[in-house]
Amino acid sequence: MKFSFTEDQRLFASGLRDLLANECTPAHVREAWENHTGHLPELWSRLAEMGVLSMLVPESTGGMGGTLLDAVLLFQELGRACVPGPVLEHMAVAAPALANTSWGPSLVDGSQIATLWVDNSPYVAHAQVADLVLRNDAVITGFSSTDVHGIDGGRQLFTIAGGTESTASAQVFGLAASDVMALASAAYLIGASERMIEVAAEYARQREQFGKPIGSFQAVKHLMSDALLKVEFAKAPTYRAAWSASTGASTAVRDISMAKALASEAAYRASRSTMQVHGGIGYTWEADLQLWMKKSWALMRAYGDATFHRRRVGASVLSK
Amino acid sequence: MKFSFTEDQRLFASGLRDLLANECTPAHVREAWENHTGHLPELWSRLAEMGVLSMLVPESTGGMGGTLLDAVLLFQELGRACVPGPVLEHMAVAAPALANTSWGPSLVDGSQIATLWVDNSPYVAHAQVADLVLRNDAVITGFSSTDVHGIDGGRQLFTIAGGTESTASAQVFGLAASDVMALASAAYLIGASERMIEVAAEYARQREQFGKPIGSFQAVKHLMSDALLKVEFAKAPTYRAAWSASTGASTAVRDISMAKALASEAAYRASRSTMQVHGGIGYTWEADLQLWMKKSWALMRAYGDATFHRRRVGASVLSK
Amino acid sequence: MDLNETSEESAFRAEARAWLEANVPTSPLPSFDTEEGFALHRVWEKKLYEGRWSAVSWPVEYGGRGADYIKWLIFEEEYYRAGAPGRVNQNGIFLLGPTIMEVGSEEQKEKFLPSMASSEIVWGQAWSEPNAGSDLAGIRSKATRDGDDWILNGQKIWASRAVWADWCFGIFRTDPTADRHRGLTFILCPLDLPGITVRPIAQLDGDTGFAEIFFDDVRVPVANTLGEENKGWNVAMATAGFERGVSLRSPARFSEAVNRLIHLWRTYADPTDTALSDAVTDVWMQAEGYRLHTYQTVTGMLEGRPIGAEASLNKIFWSEMDVRIHEIALQILGPEAERMEGPFERWVDGFLFSLSGPIYAGTNEIQRNIIADRVLQLPKGM
Amino acid sequence: MDLNETSEESAFRAEARAWLEANVPTSPLPSFDTEEGFALHRVWEKKLYEGRWSAVSWPVEYGGRGADYIKWLIFEEEYYRAGAPGRVNQNGIFLLGPTIMEVGSEEQKEKFLPSMASSEIVWGQAWSEPNAGSDLAGIRSKATRDGDDWILNGQKIWASRAVWADWCFGIFRTDPTADRHRGLTFILCPLDLPGITVRPIAQLDGDTGFAEIFFDDVRVPVANTLGEENKGWNVAMATAGFERGVSLRSPARFSEAVNRLIHLWRTYADPTDTALSDAVTDVWMQAEGYRLHTYQTVTGMLEGRPIGAEASLNKIFWSEMDVRIHEIALQILGPEAERMEGPFERWVDGFLFSLSGPIYAGTNEIQRNIIADRVLQLPKGM
């Protein structure tokens, strides 16, 4: 029994972190919000080149041949940087699910962009920048999209109409697309939470009130420690879920649900606590904190909210 | 519209507070615990003399002729002092319900002691010191009782067997005995909570760690402020419930349930927070705090716990 | 105790209800944090004023009805029940107005109160500064005496309504040698004077409910001083006490929100899901508890008991309740909770707005300190 | 990452399970905080020792099996699964033992470890003092050098197991001129020496799991010093780190409690009440999360990463989880939750015990400070 990542897995994640530190700063994320696409084409190319987009695509079809365990730290890094656009949908589901189809090559090299419509939601995130939308049973192309004004500028929300459907399966590694997305979102939310806490800690070290840095007040310390606690205890379950999903464990769906429930609640708590630490500044459009907060409020509900996933865990562990 | 008590109501309550400050100190309460009766005969006589025990008995049958609104501040004072024994059961239900029976006079003057068995519980509190047990439909006398070791030494718990039953009604002011007890317990719990908070505040002013009184630390301040908040916002609902019960308002049962739910949760929170403020001392038999904590843990469940009462409120306000 | 309305109170309620039913705009106005919405809200305030409903608790001579606090609460209940527009001049009518009545000169009352009641003048608030948020005593903006004028210099932030308002009120340092709470003066200032720059601050929802105000050698008459020179802290605290105490968030606001939540729950939620129905019941009890607590406080005020740290208890209670109400609504809404615009936009917008509650008018952390220090008498520890 | 057991681990688990099934007492022992229960628990420890199960992670030479931390966790899982008795010598085997292995001399290892593994010597803890609870640096009990002896004077409190234990370990001030954390020395001391008075402290449940220890000119050899003189703080902190980190509350304890809770829920609760099933699911996830987090920490330790402030995270997490597990159980029990004795006494007793969790071994408030300071790098503010 061994609960740790390999050197390779860690190196890839830290390489991605380095890339994102330059190519996906808060200014970049704001650019994607403000040009109303929620997408960064430059960054998209870098992620394709690095192999992030094709991480889960088999080597036989030109991908990196990674498992969800190989990908989970990458999802987390994407969340840390608040990467906008359909990167999770594309890399975690569409690219591997469609690897053997005619769309495969263009999804692997990122020259075409895919998003998903597998949730119970009437809305499709990222539809405007997507060349194709993958549903559970079909690929849709040539659709038209109407902006319905999602709260997160990096996850623009649309209804779609029209287009052509072709039969396809959105299963990945034997898992339903929504389950794979729940896992990816959980890891992404953990990265986002970590970053919110870092940003707030930095603010608390600098900002002075009553003649002292506010981070020296116990109220602030405890608010932040409690937020950190929830994030830290969501991590191991998320990594375990990735392992279960990668090994086809019989508990994979339960484990994914546990991860998504815990990560959703940790992210919400982190958003609330770090905003409170920021005070008025945290309530402004100018503060970068909003980028992660709004992403958290969107993803905590997408692909099943904490209640949905908790109930799935409950159904598994309480019955008998 | 006027939300305040009369001068008379306040004076009676403050008279009771003065009496209890002398006759029901923590040392007295411990005496009742340690002699395994959970009862203080001396104090019982004082409460009878003062008219507390007969507050709700009509004047025509020798009582004070008060309403539940007249009694609610008294319940609260009894809780502040953690008065042991069946005083709530006797004064709030048994004495007024049986006023017109042959037991009436001895209940009014306190020469006989009554307790209740109206809950869903298999246990009867205070049975050992009670001359009679009032059930919803009957008075039981001459029973035998077996101690089942209740957690609160001032509310000893028994099963009873045998005895003689005579038909009687436990209704008071048109309310079921358990509802009247829920109201009385709510007010008692508020008094107990206030006192726990006072005791902990006093401790926090005296106790030093890291070279300062612990009450100067924000963590302690906030723990206690939050406890106070819950108690303060349980008060008005409890007083309103007493008014509704006194005036036969159609919302009386809902209002009582709201009071009991809020007071039960406030008392539990107060017990937890004040124990935490006390640190190790709060976990000992020696600390007086345990008297109120254990009373709270018993009464928060007796006569319907917070969940039971919340659901009753919900059934009333959510349906339609 | 008598929780039934008197016949006079019932008549007052009926009158308010009738007037509101006849006059409340049939469709919601645009946000008063937009230019168009601001203007429309001012028109609405004028109509309220004409009906003598804009400041019911003020004396008749200044445009009110001399209603006591109980009636004020009744009016608020009817106001929210009617779904009437937000109060664009809240800073003036509920905050500054009562302060002027308490400490203002006769001239100031004549000059400012009627135009406030009619919203001819809409007021912005200018208290906080970049380095004086929770710690208002850290104020650095200064007013320097020059003959009969003050010369104002410095920067204010989180000035609510200041983007479109006509005047603002704030505190300025007038004695630079005095420390912290001393040497501050409460000054009223038009927002169209030379030297004033107002920079809107976009909030989380993109609206500009707040602004920064830059003062660069702005000249106002010394007559615009409210209360004593160098006693501005006390004046401000009197206002803050009232703000946090009762008038900032009337109970009706939350009762109405909870009623809407119950409607949402009935329409969309699984009624057998006790986790959810418990949550809805909880906030119903909170809103009801807040209403009862306020009636109790207000009766106390009418009977001559001053409000003290209750203001802090209230502030924490309503702000956390407001967040909770909206959290539950968004949970019920599911995917719809991700839309900023659409049929449920009021809930999503209300959620964002609720998040400012635990922060503004003194963070809840500060309020907890105040409760600990003043009510629980714990030793100071900052 | 490989969360499957190795065949060696599975074999170890099977061996432990078989031994425990054959040896665990069929009915529960009386509380080890009674004289009779203490003696019976010592007998049980002896049996464990004879099976080489009393200190599985210790080296073979001192009575252990040299099991790595993963195996230690496996053993704990089997131990709780078997419903085996509480560990009366926990202070020794899990706290002092590892410290002795880290800083003790060869003589000390020889002398103390085997007798500890066999529970021939049961150890009490003597750290806190009346004025040094959360603030251990406030220690006043002193040890004065007299030739080859220390003369101990002072008072300790919250000394767990000290009522019936044979020896105790604690820190004493040896350099009265040094401030706070400096000038303290870690000393081991028999509890039957002249000058020692042990006064039991009754807990909430009436049992005496703690004691005060009064030292009145108690003479112990200087050879009983553990680690360097005047470096007792560092020695104590090493122990405290381990205590708070992993060994104080092994995950199996909570997994087992949650399994019992689920059984209680299945037997007595309304399965359609989602508020309750959500609560039970939540603590299941917490116990499972704690287990996974511990496996992650322990793998890190095996791979050479030291445990740091994770100890504080763990302490808060398990202590709050333990309270929550018992709160839910008591809610399910209803009126039965008011009985100290009876069929559900373990739950009621467990509830009382759980309340000590957020307090002892450093209050959770202190742990939150530690996390803020060490992990989040917030400025010190005491």
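Which chain is which? They are A, B, C and D, in the order written, and residues in each are numbered from 1.
Methods note: a residue touches a chain if its C-beta (ideal position, glycine included) is under 8 Å from a C-beta of that chain, and two chains touch if they have at least 3 such contacts.
Note that the structure is predicted; figures quoted are calculated from it, not measured.
Listed by label, the chains touching subunit A and subunit C alike are B, D. For the pairs B-C and B-D, the larger set of C-beta contacts lies at B-C.
In this assembly, the C-alpha centroid of subunit A lies 52 Å from the C-alpha centroid of subunit B. Each chain gets one centre point, the mean of its Cα atoms, and the points for subunit B and subunit D are 38 Å apart. Subunit B has residues 217-220, 222, 307 in contact with two or more other chains. Shown for subunit D are the residues that touch two or more other chains, namely 274-275, 278, 365, 368-369. If the chains shown are joined wherever they touch, the resulting network links each chain directly to all the rest.
On the side of subunit D, the complex with subunit A involves touching residues 1-6, 9, 70, 262, 265-266, 271, 274, 277-278, 280-282, 284-286, 288-290, 292-293, 295-296, 298-300, 303, 310, 313, 316-317, 365, 367-369, 371-373, 375-381.
Listing the residues of subunit A that touch subunit C in their complex gives 119-123, 148-152, 157, 208-210, 217, 219-220, 272, 275-276, 279-280, 282-286, 290, 293, 297-298, 301-302, 305, 307.
Within the complex formed with subunit B, the subunit A residues making contact are 217-219, 222.
Interface residues of subunit D, counted against subunit C in their complex, comprise 272-276, 278.
For subunit C in complex with subunit A, the residues that touch the partner chain are 128, 131, 133-135, 138, 157-158, 201-204, 206, 210, 275, 323, 330-331, 334-335, 337-342, 348, 355-356, 358-360, 363-365, 368-369, 382.
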